[in-house]
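Here chain A shows up in two complexes: once beside chain B, once beside chain C.
Up next, the complex of A and B:
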């Protein structure tokens, strides 16, 4: 464990302890903020009671579906943009400003189109994540050394073999960043959609608990969600670090 | 000879400019065609046609309540953007200059960036109540992180000789930030500002959708509750045009800085 990691841990522990003290001693309004220890108890009770298991699984599976679809479609989109530079030049300003618009204003339209079930949420997640994936794929493809592509042509590889054996491995770090962003964006869009309008899921339950002044449940659910997303991020980060190590070893 | 090269260069320049113009026209036309097609397929009650959306947008702009909403959103957004920009740049400069602090904070910042911050809305609401401060807080928590991270990255990649020179001149930390770090980091800071701008707008609007009784976000929320798709599309169109316009301006600024720098 290096110095920075130790500092970081100490900082986080200090932060949680300060919150605990501040809310126990009622420095911050105890009605609006409960001590972290009670959040943990709330989260544990939620998990044990099993009432929320369906909602949690629903949100997680929706997010997983959205991520898979966004990654596959976004990669294909990125490759297509790379192969068709004219289209790319035309679409560039759109890709640049895509994330400036709160995409979930079109959520009601999606609900009308697909009905009030999980599919509008999944489409929302895909729409939100796909452009990040495509842009990162494009960045990665642009950095594939020209000589590798020439080799592929000299060996008369089929387009699929070229992608599988050359383009994908060579642009993997960027593609991986795209996957990481897709996970984050899909989660954000789906939970936000559940907040706005939905009858089930993580976001809906948090909004419901908030409306009922059920603070232990609300903070418990939030803690669980933060833990899920945090763990997922850490796993992806570790996988990425391992990937980089392997690639730098292969290069030397 | 020189006249020949200069004319070809000028022709090249004009053809590039006209090509970027034609690109823009093609993009707009293609988007409009796609939109029209979708609205034919889905039915105009579900997805209004571009023409009807434009008419509705004009009607909203002429409405006498609109300036008030625009003002409410504008004040919140500008406040959030100023806080994000100033806070993000100064935080980024400090974290970039102190290597250990940067190493400690970067993963934490990235983890926070990755959270669905909308889940924090009950906390923000309970702490700040309905109104301006909650909206601004929402905008800031969305926008400050990318600005910080970009600034930090730029300061860290600054040539080490700059820092040594500053040391040799015995600059105070404030002068060091003002005369060395900030100018060296400006292109990256502008890139961060571009992303921060988008996210601050998003955050402010989300804040308004949940935590406010006024502004564009509130109008959107009402339209969503009434399933008034024309208003939704009209507002979305206006937001999109505004965001794209500012983005293009910032992008042009970034290109100019990158070229001269």
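Up next, the complex of A and C:
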């Protein structure tokens, strides 16, 4: 563990301890904020009770579905844009300004189209994530050094072999960034959507607990969500680090 | 490096080419080759090369020097089949070359073309694996090539762990492993420092002697061309044509110590005399 990591850890522990102290000594309003230790207890209890299992699984599986769909479709979209430069010239400004549009506004339309079930939310997650994936894929493909493609031709490789053995591995770091962003965006879209208009799921349960002044459940759920997303991100980060270790110039 | 030859020791003047009484065997031929990039939307077309004609002799070390932007690299691309000729013909071993790199030809580029996700060994084996050689055969060839290039200790390293010169050696090893009969080198030492360049030149000469391959080297360095070549094709400013082809008559056994030979200076001066005006033209057209 290096110095920066130790400091980071110390900072986080200090932050949690301060919160604990502040809420126990009633420096902050105990009605709206509970000590972190009680959040942990709350999280543990709602996990043990099993009442929330369905909602948690629903959100996680919806997010997983959205990620898979966004990654597959976004990748294909990115490859298509790369292969069709004219289409790309037409779409480029639209893609660049895509995230300026608050995509949530079309949630009602999605509900009308698909009904009040999990699919409007999954679609929202896909819509939110797909462009990040496509843009990063496109970026990665564009940055494959020309000399590598020329090498492929000098070695008489077929287009398929070129993609599999050169283009894909060379653009993998960017594609990986796209996947990471897709995970983040899909989670944001789905949990936020559940918050606003849904009858089940993580976000819905948090909103429900909030409306009922059920602080231990609300904070417990928030903590759990943080834990899930944090763990997922860490796993992706580790996979990426493994990938980069070979390619990075700093490697020894 | 080995001990320097004493200045003034004469080099034996033996033709580098194993010539038959009927004259040297021709390995590849360019006839009136041009490359013109068509214009579009009001932009004029661009005449990059030629017309160029050249007979590449089997087993010779041929260098092309010319001012920057004269179409040297285009010439190599056309020769390799990486870029189609606009007119004229390219024949390699009796077969026309068209938009496809023929079997028996390997290309080494100026830029680093190692694959960063593969080890040095896998990089060197890449071409041979694509060619579908049996794995034991590949291992034998790769081990030989890596030892030859002084990379034996780095077989399991990744390119990121190597210097620029070593990475370029990996690329040469990769080309070597497929046992090409014609090696096309597009300024492979262009990005390296002068001392590394000299050493790499020596290695290139050794490789050329060992494999018996025909080598065509594109370079902007007059010294490099004079040091390494049997013949030097001097090119004009864009659109590049051969102004003159110079025979060096160096012995086949040679290395960078050739620079100490009195004729090295003469040849260098002659090439520069031819190039000077062209280089000025190139400079003028760029500004």
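Keep this in mind: the second predicted complex is superposed on the first by the 234 of 252 C-alpha atoms of A that agree within 3 Å, B and C clash if a C-alpha of one lies under 4 Å from a C-alpha of the other, contacts with A are read in each partner's own complex, and residues count from 1 in each chain.
Please note the rule applied: a residue touches a chain if its C-beta (ideal position, glycine included) is under 8 Å from a C-beta of that chain, and two chains touch if they have at least 3 such contacts.
If you're wondering where the values come from, they're calculated on a predicted model, not measured in any experiment.
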item	value
Partner chain(s) touched by A:96 [first = chain B, second = chain C, both, neither]	first
Partner chain in contact with A:48 - chain B first, chain C second, else both or neither	neither
First (chain B), second (chain C), both or neither touched by A:226	first
Which of chain B and chain C A:196 touches, first, second, both or neither	first
Touching partner for A:170 - first (chain B), second (chain C), both, neither	second
Contact breadth on chain A, by residue count: chain C or chain B	B
Residues on chain A lying within both footprints (that of chain B and that of chain C)	none
Touch list for chain C against partner chain A, complex	80, 82, 100-101, 103, 105-107, 109, 111-113, 115-117, 126-127, 130, 158, 160-161
List of chain A residues in touch with chain B within their complex	3-4, 7-8, 11-12, 28-29, 31-33, 89-91, 93-94, 96-97, 99-102, 105-109, 112-113, 184, 187-188, 191-192, 195-197, 203, 206-207, 210, 218, 222, 225-226, 229-230, 233-234, 237
Contacting residues of chain A [partner chain C, same complex]	145-148, 150-151, 153-157, 161, 166, 169-170, 172, 246-252
Chain A contact footprint on chain B (complex, rising order)	23-24, 26-27, 30-31, 42, 46-47, 100, 103-105, 107-108, 110-111, 113-123, 126-127, 195, 197-199, 201-202, 205-206, 209-210, 220, 224, 227, 229, 232-233, 235-236, 239-240, 243-244, 246-248, 251
